[in-house]
Structures are given as structure tokens and as C-alpha cells.
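In what follows, a structure is listed as C-alpha cells, so that the remarks can point back to it.
The chains carry the letters A, B, C and D, assigned in the order they are written, with residues numbered from 1 in each.
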Amino acid sequence: MTSMLEAGTLVTLCSASKKDRFLVTLEDGGKLETRLGIILHDQIMSAGYGGKVLSHNGSAFYVTKPTLEEYLRKIKRRTQIVFPKEAGYILLQLDIRPGARVLECGTGSGGMTTVFASFVGDEGRVYSYDVREEFIELARRNCRKWRVEQRVSFKVRHISEGFDEREVDAVFLDLPDPWNYLPQVRDALALGRRMGALLPTFNQIERFLRSLEENAFVDVEVVEILHRALKSDPDRLRPEDRMIGHTGYLIFATPILYSNRGDGAI
Amino acid sequence: MTSMLEAGTLVTLCSASKKDRFLVTLEDGGKLETRLGIILHDQIMSAGYGGKVLSHNGSAFYVTKPTLEEYLRKIKRRTQIVFPKEAGYILLQLDIRPGARVLECGTGSGGMTTVFASFVGDEGRVYSYDVREEFIELARRNCRKWRVEQRVSFKVRHISEGFDEREVDAVFLDLPDPWNYLPQVRDALALGRRMGALLPTFNQIERFLRSLEENAFVDVEVVEILHRALKSDPDRLRPEDRMIGHTGYLIFATPILYSNRGDGAI
Amino acid sequence: MTSMLEAGTLVTLCSASKKDRFLVTLEDGGKLETRLGIILHDQIMSAGYGGKVLSHNGSAFYVTKPTLEEYLRKIKRRTQIVFPKEAGYILLQLDIRPGARVLECGTGSGGMTTVFASFVGDEGRVYSYDVREEFIELARRNCRKWRVEQRVSFKVRHISEGFDEREVDAVFLDLPDPWNYLPQVRDALALGRRMGALLPTFNQIERFLRSLEENAFVDVEVVEILHRALKSDPDRLRPEDRMIGHTGYLIFATPILYSNRGDGAI
Amino acid sequence: MTSMLEAGTLVTLCSASKKDRFLVTLEDGGKLETRLGIILHDQIMSAGYGGKVLSHNGSAFYVTKPTLEEYLRKIKRRTQIVFPKEAGYILLQLDIRPGARVLECGTGSGGMTTVFASFVGDEGRVYSYDVREEFIELARRNCRKWRVEQRVSFKVRHISEGFDEREVDAVFLDLPDPWNYLPQVRDALALGRRMGALLPTFNQIERFLRSLEENAFVDVEVVEILHRALKSDPDRLRPEDRMIGHTGYLIFATPILYSNRGDGAI
């Protein structure tokens, strides 16, 4: 029932204890060195998905197909990246879907770029801006490894110069000072559509909220998403001892026509 | 710059105060009655996305395009539905993407059906099983309103009879007793792929974890996702006074070949 | 084994379903009207602690001794009060103990006054300032009902005029603008001792933190305490559906001698 | 204004950066070696509370009076101890106050023993049982250092043999199997009074809840208390990156007379 895996395939090796996990791009003759022993890529190819391999000293690993959740956690990064808990929620709030055109700035390590590119499909398009060329290179490699690079247009440019695109379906900002660039966002976004931003501090949220109001963005939502894992031992079911206490806050808002802003008694 | 909206369009009306929100399918001659006054659909059509309308007594509302996040919150339901906070995370953990074939059971009110159908695109397919015909009818209407009904095969059948599909990319269970049906899940799921389940109580998690182990599912993750909103007043920035304390726990796992289970020291 | 309860005793009646709870000061001939029926105080007196009484239509209630946790939740209030989850933590952070002299401002509804007065004992003393006479009257009644009024000196005065006391063991501020009064706090507090404050918004925390630094308060802790209840059904163990999302943040700090502030390379 | 501190005093040294903190019992000629340099106890004695001392290489430390919150976090332990966030809440739920008689089992490292002994004052009494003599010795030392040892009766005995005390004001259980000992708790507790327990896993909570019902304990509360710290930088206000995800659940309940249990229609 199993079938050989080919060189070039990206697989997950997870130890039977689940503590050790590896994302591996299979190569003929490759080998993976772990603290639980050495595994040959040939073993993995023969085992196939759902299969088991034993390291040279007898530790068991299972072969599974990597998910985007795992890829995002393991992605090579030089910046703080968006976590899966936030990425999923962003998809729904910005109404990303196959065929959508999504604009993001900055690119960073390309975590969110990869997520957007995965969900817009081959009919959609991601436009990703960053002023730092080295980040764009990293993001490009990260997208390539997940096989979605062809859906992304990377652009080395500072947001203050504006975006080339118009009528995009969503804009996502991962910048330290998004409050400075709301006119550029407005120019790019289709009417009635939503923008999102990730901000770590309350000081930033406060400034951004004021800017959103001044720039006639309405329907503002500020939210944090928390991920609390449980230990998966059925005899001792309980939350994990440690958790991530903070990544950042998500802010979503929709621009209205300037002519319509304000007043609006209620 | 604005353009008229056509009858049949689904729009969001949100009051300037943001407290009142309405999902409206526009009809010629239609009208919306709210506690803030009456609004004619014709007004909304003329205003267009990003536009403002005033109710008969002067309250302002903005016209925006509904997002999946909002649709999911407002969906007609006869059951507890999956919340946006969980739905997004499920997409990443189950590695849903355009073109994917996803199986879910039970259908319930069709909230998660709509989410899956939105993200698999026209190339993908959702197979949704429920033993209760009236729920399937509700889910069908909910999917139709979001214009993704054509991507879903609804089936009135009890899970114990098994699924028709094989080699699907993901399985999601929203059932009170998922521990009874892991062989059926295994039969349907492609090798190396992941299943997810939503369970509200610890007793259920405990039973399900034991069943996962007996059925050779590995790489188990149990997690809860919490959504904590902030009030969006920049002068009085603070979390909302009330929050949802609990919806349910998500459990994810991947079956391995039976022949490979167990032993695996470590 | 039981013994009669006397008139004047404060008791808790909790319905067998636990949903309905009442704090009752027993009176000869008194009666309690509830949505589960009428109960005569005489019944409660005869039943005694640990006893059961039936309302006129057969609903069961148990008689227990009220705890400070319950009293605090049920206290008559005209202001937001400190919650038990915060009150307990404040006791440890401010090192309240029998015999301590504690200063608070403002008095509010007297919730925290009651807590402090309960723990300082007859050898200790609470000094409670508020500029609003009607709040002091309410707080006085709340302390009296818990039988700790004799341990409190209430003072109608604005904090800007300073405190009469010196060398107190702890200061607690429940004010909208505590940043304006740190010199007064410093004057009252014994060397090496700690002050605490409760603030609901991030804007307030930000201002207060700046003021603490300017006024040579060190060892600053900012924390929120969350209380998450579980449903107590062993067959369906799970968190409650709703929870309090926010009450306020606690900030603690200790003044150092002015001459010693600042510099301190690390 | 400052005054010399005497040998034998327990003080807190906190570095100006707040990252390093030390609990020190002052000794003539003593010295404290830290990664930020060496400090002589004589320096601390001269500086006094609120004073500043410089280590031999110029790092600044402030001298403050330790709080119970800090002592509890720093206590010498051989077991998991109750955290300040839980300890404070327990005080209110069990209605501890000066003069109260409190029974706990097991003693563990004496963290909760110290808390109870601090709050019952010289008129109160803590009875602390543990079957492990070495823990009782550790707890005794921990209480002595906080100068409350004289308020505690330690007893080396297994709970199954019952307690010597009757009519105590509160019972607290920190045991792996509290469900086995509810008759002993009932025998010791005054009518109408409350018991508490700390349990880390859901499996334990489930068993304990069943036992509480069988043993006619009512008014059950199950709760977890979460402590979420913020970074105290006013320019970058945000929650800490990491937090404690789980310590344990608190369960509180009150026994009623056996003759009165059950039935109780509502």
C-alpha cells in the first residue's frame, strides 16, 4: 500500500516520543543526524508516508507529510514570524481565498507570504514588499521550498513610495510603524475590503488606532489569539507547563470613502 | 469611484458605532429594519462598498464586503459551530489548500463545511456526512449563500457505515464520540495525512487519546485556541470585559501503517 | 451535632443546583423570597451550618458559613470592586499580615477595605481615604456587616492633601490617576515597603510606569490575574462557556531613597 | 532617615535592572557573590531599606523588605509548591483570618504552610501533616526563616489514619489522591466550613468531583488562576513573551450533614 518517496520530497520525521521532529528534503544518499541516531534518506524513501524508520541505534521515527502549520513553525527566519495561531485567523478576517490578490508589507522571513501564497492558489497572486533585499531572498527561498514561489511577486521598495497594485483583495502590514502608511494602503485596496496588521506593543496599537480613525478606516477589530497546548497523555491530561505568553496583537479595519467619513451620529 | 451594487449581493452593514452589524442579501425594493432605524436596500446599492447610508432617523451605517470570519459568526445555526479562531488554525494543521479533497463528519450547521469549501477552491472537493437530513439542508443553504455549495458533496449517512472516499487529504470530525470511528477515518485518509477533531470536554479528550493510540495514530496535538478582543478606543485601550471562556479543544493526529505501530523504543 | 444559629448571623444559602446563592443576615421572623420559593429564617436557624432547608415549594438549599471570597463577590457596590482573584494576590505582594498598618485610597465601595481589615486583625489598622463621603458610608456599612469596621479609620479627604500616617506597611491605590500622587505615597510608606495599584487601561499603566520611574520607585511588577472556572460535572468536565475577560492590571513597586535613584550601571 | 539593618534580618537585594534578585539573611562579615559582582553584607546593613549598594565592579542593587509573594517564589523546595497566584485565592476561598485554625495535608516543602501561618497570626494555629519526615524538616526550616514556625504543629502521619483536630476552620489538601480521604476531612472540619485541594490533572479532578458528591460535599468550585505579567517598559508595553501555562486546578467544597444530602429537588 505504501509507495516509495522520491528525491526532492519534503517530509516530516517525527520521533515516536514526538519530542523530536525534522523537516527533511529527501536526497539520494542523504542522511539525517539526530541526537537519537542517524537515519538514511533511503530508509525514509522506502518507508513512505505512514512508515516507520529506525535510526542506527534503534530509535523509531514516523514519516508523515508536512503541514503548513509545521512548515511555518520550522521556517528559516531572521525575524519574528507570524505564528500559525495568528496566520489562520488572518485568513478568515481578510477573506483570503483561491484566486485572491493579496498585498503584504514587509516580507520579513516570508512566513506569512508562504501562507498567503498557499491559499490564493495558482489563480491568485501575492505581492510582497520589503526594503531589505536580504529578507526578500530568504522569503523567496522559503516560498520555493513550499512550492509556492511562482505565485508571489517580490518587490524591494519602501512602503512610503506606495504600491504598484490597485484593487487588491487584502492588505497585510507587518511593520513597526503602520500608522504612517494608511494612504498607501487605501490606494491599493479594493473598496469594501479589509486590511490587517500585526503589532506587538500597546503603544503601537494606540498610535495605529488613532491613525485608522484619522484615515477613515472603520469596523476596527483588535484581538489577540492564544494557543494553549495540552499534554497528550490520557492518564495525566493537563495543559503544558509553559506557554507562549505573547506574540502580538492583530488589528483589522476597512477603509470607507473619505467623503463618507466621520459625523455619522448614532 | 464607487459603483452600484447589484441585487443578490451579500453585504455587511456596520453601524458607525460598530455595535450593530448586519449581513444583508440585497433585493430590489428590500428594506432593513434595525433598532437604529430603517434602511432601504436601494440606498445600500447606490452607496456601494465603502459608502455610507443613513437610516430614516439619521443613524450612519457603512457598507463593506463580508469576510468569511463574519459570515461564520453570523451563520444560521442549530448546533454549536466551529469559531473563526479554531477554523483558521484547522486550515493550517490539516494543510487545506486549493485543490484539496476534504472529508468532514458531521456536517452540523455547515460552518466548517463553508470554510473548507472556501479554501479548496473549484478544483477541490468537500465531502460532508451527517446522519441528520435537516442539518444537511441547513448546511447546504449556508454554503449556497456563501456561493460554495457546488464544491460540496453532502451525504446523509452514519459514520459507522464508512465513507465512500479514499485518499482524501484531510478528515475533520465534529462528533460526540469520534473514538468509535477511527478505522473509518484511516480507510479514507491518504497516507501521511492528518485528521482533526473538535471536542468540548476533557472526558471526551481522554477517551479519544486512548483510541488514537490503539488505532496507531501518532503525532498527536491537543490544543485550545483563545480569542481575546481589545476595546478599540485608543484613549482607553484595554481588553473587553467579557470573553468566550470555552468552545472546545482541537485534537490532531496522523495514522501510521498498522504494521509499524507501537514498539519503537524512545 | 448541629446547633441553632442566632439572629444576626450572616449565612450563605446555596441551592442544591448551586446556581442560586444568597447571603442572609438572620432575623427572628425573617423570610427570604427566591425564584425557587420562600424560606423562613427560622428554618435556617434550626437547620444550622451544614443543614438543609426546603423552600415552601420544595427546593433544597444548604446552609454554609460565608467566606470572604463570597462576601467580596456579593458586596453592595456603587463602583467596580477588586475581585477575589486580585485581592488574594495583593495580600501576598503587599505582605499584609496580622498587625500590619495598611493605607488605601480611594475607598470605593469598601471591597478591598474589607479584605485588608480581615487580614490585619485586631492588632492591625486600615486607613482608608476617599473624597466622596457617600462611598465612605457605603464602605463603612460593608465593613460593619463583615464585622471588621472597628479596624478601619475612614477619612474624607483628597489624596492631593497627603496622608496623616507615616511608616505604614503598605499602600494600595485604586484611583484613576495614581501617577499624580507618588510623593504622598512615599511620605506615608515605611522604607523598603511596597505599594500597589489597580488600573484598567494600558494608557494608565504607561503613564503610571513613567511616574514610578521619575519618583524613584523600583522593582516594578505589572500583572493581570485571570480566573477561569470549570463546570463541576465530572461526566462533562470543561471550562465555563463565559469568563470575565478583563478587570484590571495590578502594578506593584517599592520606593527607594531619592538620593539613591537612577544611575546604577548594570 | 535610614537605619542600620541588624544581622539576622532577611532582606531582598534587587538589581537595578530587576533581572537579578536575592533573598539574603544578613550576617556580620557575610558576602554575596553574584554574576554582577560581590556585595558585602556590611554594605547592605549600612545602606538600610530603600538604600543602594554597589557590587565590587559597580553594579547597583536596591535593598527592600521581602514580601511573602517573593518568599514563596524563592522558597527552598523539593516538591512543586503552590504559587502566589493560587495561595492568595485560597486565603479568600477558605476564609483564613487571624485566629483561624487551619489543617493542611501534605506539608510538602512548606510553601502553603508558611502562607497559612503568616495569616492566622499568633492567635491562630496551623496543623500540617505529612508522612515524609524529610519534607516536614524542610517545611519547618522554611517556616522558621519566615518567623512563623511557632504557629505550626507538624505531624508525621499518613492521612488515612485521620487527624487529631476537630472543628478546624479550614482544610487544605495537596495530595495526589484526595478522593480517598474525604471522611477524614469531614471529621476535622467545623460545620459549614470549606475545604480546598490542588490537583494538576483533569483525571484527578474528575475522580475528586465524584468523591465529593458521594461524600456529601456541596457548593463545589473548580478554578484555575492564571498570572500574566507585562514587561514594565512604558515605551514598549506588552505581555511577557513566556508565561507559566499550568500549575494546577483549585477545587473548593463544603460538607453538609450526611443526613441532609442528596435528593434536594429544585
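Everything that follows uses one rule, which is that a residue touches a chain if its C-beta (ideal position, glycine included) is under 8 Å from a C-beta of that chain, and two chains touch if they have at least 3 such contacts.
According to UniProt, the chain labels map to these proteins: A, B, C, D = tRNA (adenine(58)-N(1))-methyltransferase TrmI.
For clarity, every value in this text was computed on a predicted model and none was experimentally measured.
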{"item": "Partner chains shared by subunit A and subunit B (touch criterion as defined above)", "value": "C, D"}
{"item": "Geometric centre distance via CA averages, subunit C-subunit B, whole Å", "value": "42"}
{"item": "Computed distance of Cα centres, subunit D from subunit C, in Å", "value": "20"}
{"item": "Multi-partner residues of subunit D (each touching 2 or more other chains)", "value": "202-203, 205-206, 228-229, 237"}
{"item": "Chain contact graph, described as a line, ring, star, complete graph or other shape", "value": "complete"}
{"item": "Subunit B residues within the subunit A interface of the complex", "value": "1-2, 11-12, 14-18, 36, 47-52, 58-60, 62-69, 72, 84-85, 87-95, 97-99, 115, 118-123, 190-194, 202, 205-207, 209-210, 213, 218-234, 237, 249, 254-257, 260, 263-266"}
{"item": "Residue ranges of subunit B touching subunit C (in the complex, touch as defined)", "value": "200-203, 228-229, 235-246"}
{"item": "Parts of subunit B lying in touch with subunit D, wherever the complex brings them together", "value": "202-203, 205-206"}
